[in-house]
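Next, two complexes with chain A in common: one pairs it with chain B, the other with chain C.
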Partner chain A sequence: MVDPVSRRLIKELKDYQKEPNPDLAELSPVSDDNILIWKAVLRGEVDTPYEGGNWILRIEIPKTYPIHPPKIKFLTKICHPNISFKTGEICLDILKTAWSPAWTLQSACMAIRLLLSNPEPTSPLNCDAANLLRCGDFMGYESLVRMYTQLFAINQSSEYEGTS
Partner chain B sequence: MASTSDDIRRAELHKTKGNTYFSKKDYENAIREYTAALTQNPRNAVYYTNRALCYLKLKKHDNVIADCEEAINRDENSVKGHYMLGQALTEKGEFKSSISNLQKAYELSLLENASFSAEIVQALLNARKKNWEIEERKRIQQESELLRYVKNLINTERDKQLQKVSPKNTFSKWVNSHPPDIQEKIDQINKAHNERLSQIEQVFIQSDENLRPREVPEYFLDKISFEIMHDPVITPSGITYERAHLKEHFKKIGYFDPLSRRECRENDLYPNLALKEAIEDFLSKNGWAADY
Partner chain C sequence: MSSTPFSPIIRVDRGESSTTPFAVNDINDLQRSANLIDENIITTTTTTTTTTSSTQTGPVALRLPVTLEQVDDKRCWICFGEESDSVGKWVRPCKCSLICHEECLLNWITENQKSTALKKVRCPQCRTLYHLTERTSPLLRVFTIIDSAIQSSIPYFTIFGVTFAVAVTNIHYGAYAIITMVGVEDGERLLEEPWSWRICFTLPLVPILLIFSRARIADPVMPLIPMLFIRYDQLRTTMPPNPSLTISLLPWARIVYNYSYNRLFGRLEASWRRQLEPYNTSSDVENGENGNERRRENQDVLDRLDRSNAGRKIVGALCLPFISAMVGSLLGRFSFIRSRIPDTFHRNVLGGCLFIVFKDIVNLTYKYQRARHRRSRHVKNYADFANEETFIL
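Presenting the complex of A and B:
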């Protein structure tokens, strides 16, 4: 018998494959021999400075999933007040205290995508980006984000593939 | 023969050695130690369930059954005894007693707050699914036999009618030399016959397809494991979960409803009987879903 974590993950994988999500270009385990490490590719939202970009996420699933949340971080560099530019770490409550077992890997990725257009500059991991927002310099913020999107997230995805 | 306190101590030593072998996956030697423990103190049910677990790992299901029965004789509330007995019976294809033992194990595990209630539920669902698969195979076979039988009847009926139309001319099948009026009748009979055959085939195909829509309604699935529920319980927020998974959440994270985040304790849970009935009904018609 397969353990409960794998059973649930296989179901999540099937659900994603049955109804592909246009905002999530990819969502699958990195390799066949370890179902606890996944990779996702997030598509930037249209009409935001992230438009056109593809970001690779690395998802690490604890053996106690879904009681405990997955660890998700950006592998592709991204400029965002709540995401560490250096490590890709994400500051998002649902990945920490507000996690609920009814969330899925897919819905967690979609929450991250939503975070991109709804930054929370009061709890920053990227102070430079957050400061621009706090000063009200939206033009400066947007052009900074757009520059990094252009630099790292457009046609660059293959460079980071296979990192695990 | 009663065991002395010396015997009991020696038995415990053998059990400890057996457990060490077991943790190294050396099941043969573990079995030897548990057997030695049992000769010193045959009244201890745990030695039997420990040895049964080794046999289960080695897939010696007859031995599992024998040891679990001994364990249950000594301790009728042995969760592990009922649990492993159920698993071994599933493997032997004896689903009725397997399911009743697993059900008993599940109830006992709740009373004892055992950590593996969820595993027992899984074994239960597995047994139900295997049971259904075998009945399904039987049903399909019976149905195809029935189809063959009905087709034969239709063929015999046509032959009889043809005989009536042209009784003498037994070669009529081979030679197309009938007067036009008789030929017309023959054509009519053949046409009616072909229609009947395709109709009856259609009926059987449809009855098969009725069983096919293989989707489990989402409201039958536990919100934590995404599996079909066996013991659904409802929280004060009105949300339903599988009891064993919700208890695990309580133990590891805290006493609140995982979705509404409102405080919730084990005493606040009520069994969702109507949903349980609906699931039972669904499973009796869609047995494949038990292990969905």
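Presenting the complex of A and C:
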């Protein structure tokens, strides 16, 4: 019999495959040998500066999942107040203190996607982006985000395969 | 209240992004099971309560509790195990459709209570409080309460400890400064136990006031501070002034000195500093006047730079009593000063004042020299020293 973590992850994978999510281009383990490392591809929301971009997420699942949250970070560079530009680390409460087992990998990814269009500039990991928002320079913020989306997240999804 | 997965975690400003972050098929499942359950309404069981959480936050509204047997497709919301592929006792601890293995839920509750043992754990969807039957002994309850009390009091203890350490350091510094200023015998007599409230309050204030005396913001309050701590019966105008009067006069002397210094040298000093700034406009004296705007900007930059060398000012301020005492003892070597000012305290105060004046003179000279040095600099053309260079090579 498979261990509970693998069982839950396999079911999550089946759920995703049964009804693929149009906002999540991909959600699967990176390799067949290790089910604890997943990769997801996030599609930017339409009518936001992230439109058209595809971001690769690396998901590391602890052996105590789902009691403990998965570690999710961006492999594709993204410009967002709550995401570190350098490391791709994400500042989101549900991935830390507000986690509960009712979340799935898919729903966590969707929460991250929702975070993209709803930044929280008061707890920034990317101060430059957050400062633009705090100063009320929405046009500057949007064009900055659009530029980085264009630079890193459009038609470049294959580049980061090797690092995952 | 922590956010639930079934209500959007992030503030959604726009109405259309109602994408609650959970899988779509999950809602459908829940809805299906809800409909199933709604058909067979059962009376209250002992494990669930209907009193908590009157508002339904989840997408599924279940009005009455249901027993486990009515749920056909059992799936543990924690481990996703189903009846076919998992073992364990099933429980339905809340009024919504989430059911789980008892073991899984107990693990989750234990994890939640790791940091605060008395934390109440609720269902992430319907916010129902989980009710547990447990065997607790009074001893365990006492231990738990003590443990969580200690846990939550640690930050306060830390703050208290740091404050206490700072206060002790300040008192020691203050005492040492007083002994150096008034001399060992008088100082020990002053600091003799038991301490009056005046000493208790003033000793820790000594370093703080010294540091503040270097800042402009202290100007309006500085003269008031001695008044708070000085015994008024000692305020007599004598010649030479007694120590209490001297102390009360020092802040005024400071204000007068700073004011006259700025009136006399402020503009000069600013122009010297400006010459050391890159992109200054005043170095070309010929077209000096049109650079007014630029100059003001530079002045702002300079003020900010001045503020940044706070460390230097703080250390300087804290060294002042000891430097004063050194200059004071130096003054004491001259017999005519000794006869005019017989006590150590006044010699030291005078020494401090002399030191400040001396320091400012040296400072001004240094600034003047640097500005002059900068003005005199010119870059040589290569042609002028090309011959020397080839010669050296």
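As a working rule, the second predicted complex is superposed on the first by the 163 of 164 C-alpha atoms of A that agree within 3 Å, B and C clash if a C-alpha of one lies under 4 Å from a C-alpha of the other, contacts with A are read in each partner's own complex, and residues count from 1 in each chain.
The rule is short, and it goes like this: a contact is a pair of C-beta atoms (placed from the backbone, for glycine too) under 8 Å apart; a residue touches a chain by one contact, two chains touch by 3 or more.
Note that the structure is predicted; figures quoted are calculated from it, not measured.
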When the two structures are superposed on chain A, do chain B and chain C clash or fit side by side? clash
Between chain B (first) and chain C (second), which, if any, makes contact with A:A111: first, second, both or neither? second
A:C127 contacts which: chain B (first), chain C (second), both, neither? neither
More residues of chain A are touched by which partner: chain B or chain C? C
Tell me the contact category for A:C135 with respect to chain B and chain C: first, second, both or neither. neither
For A:L151, is the partner it touches chain B (first), chain C (second), both, or none of the two (neither)? neither
Identify the partner contact of A:K11: answer first if only chain B is touched, second if only chain C is, both if each is, neither if none is. both
Does the superposition put A:E19 against chain B (first), chain C (second), both, or neither? second
Given the touch rule stated above, what does A:P66 touch, chain B (first), chain C (second), both, or neither? both
Flag for me the stretch of chain C that overlaps chain B after superposition; candidates: 20-28, 38-46 or 110-118. 110-118
Between chain B and chain C, which residues of chain A are contacted by each of them? 1, 4, 7-8, 11-12, 66-68, 100-102
Can you list the residues on chain A that touch chain C in the complex? 1, 4, 7-8, 11-12, 15-16, 18-19, 21, 23, 45, 66-68, 92-94, 97-98, 100-104, 106-108, 110-111, 113-115, 117-118, 120
Per the contact definition, I'd like the list of chain A residues that touch chain B in the complex. 1, 4, 7-8, 11-12, 64, 66-68, 100-102
For chain C, which residues count as touching chain A in their complex? 2-6, 8-14, 17, 19, 21-26, 77-81, 85-86, 98, 104, 107-108, 111, 124-125
In the complex of these two chains, what residues of chain B are touching chain A? 118, 122-123, 126, 223-227, 245, 248-249, 252-253, 258-259, 261
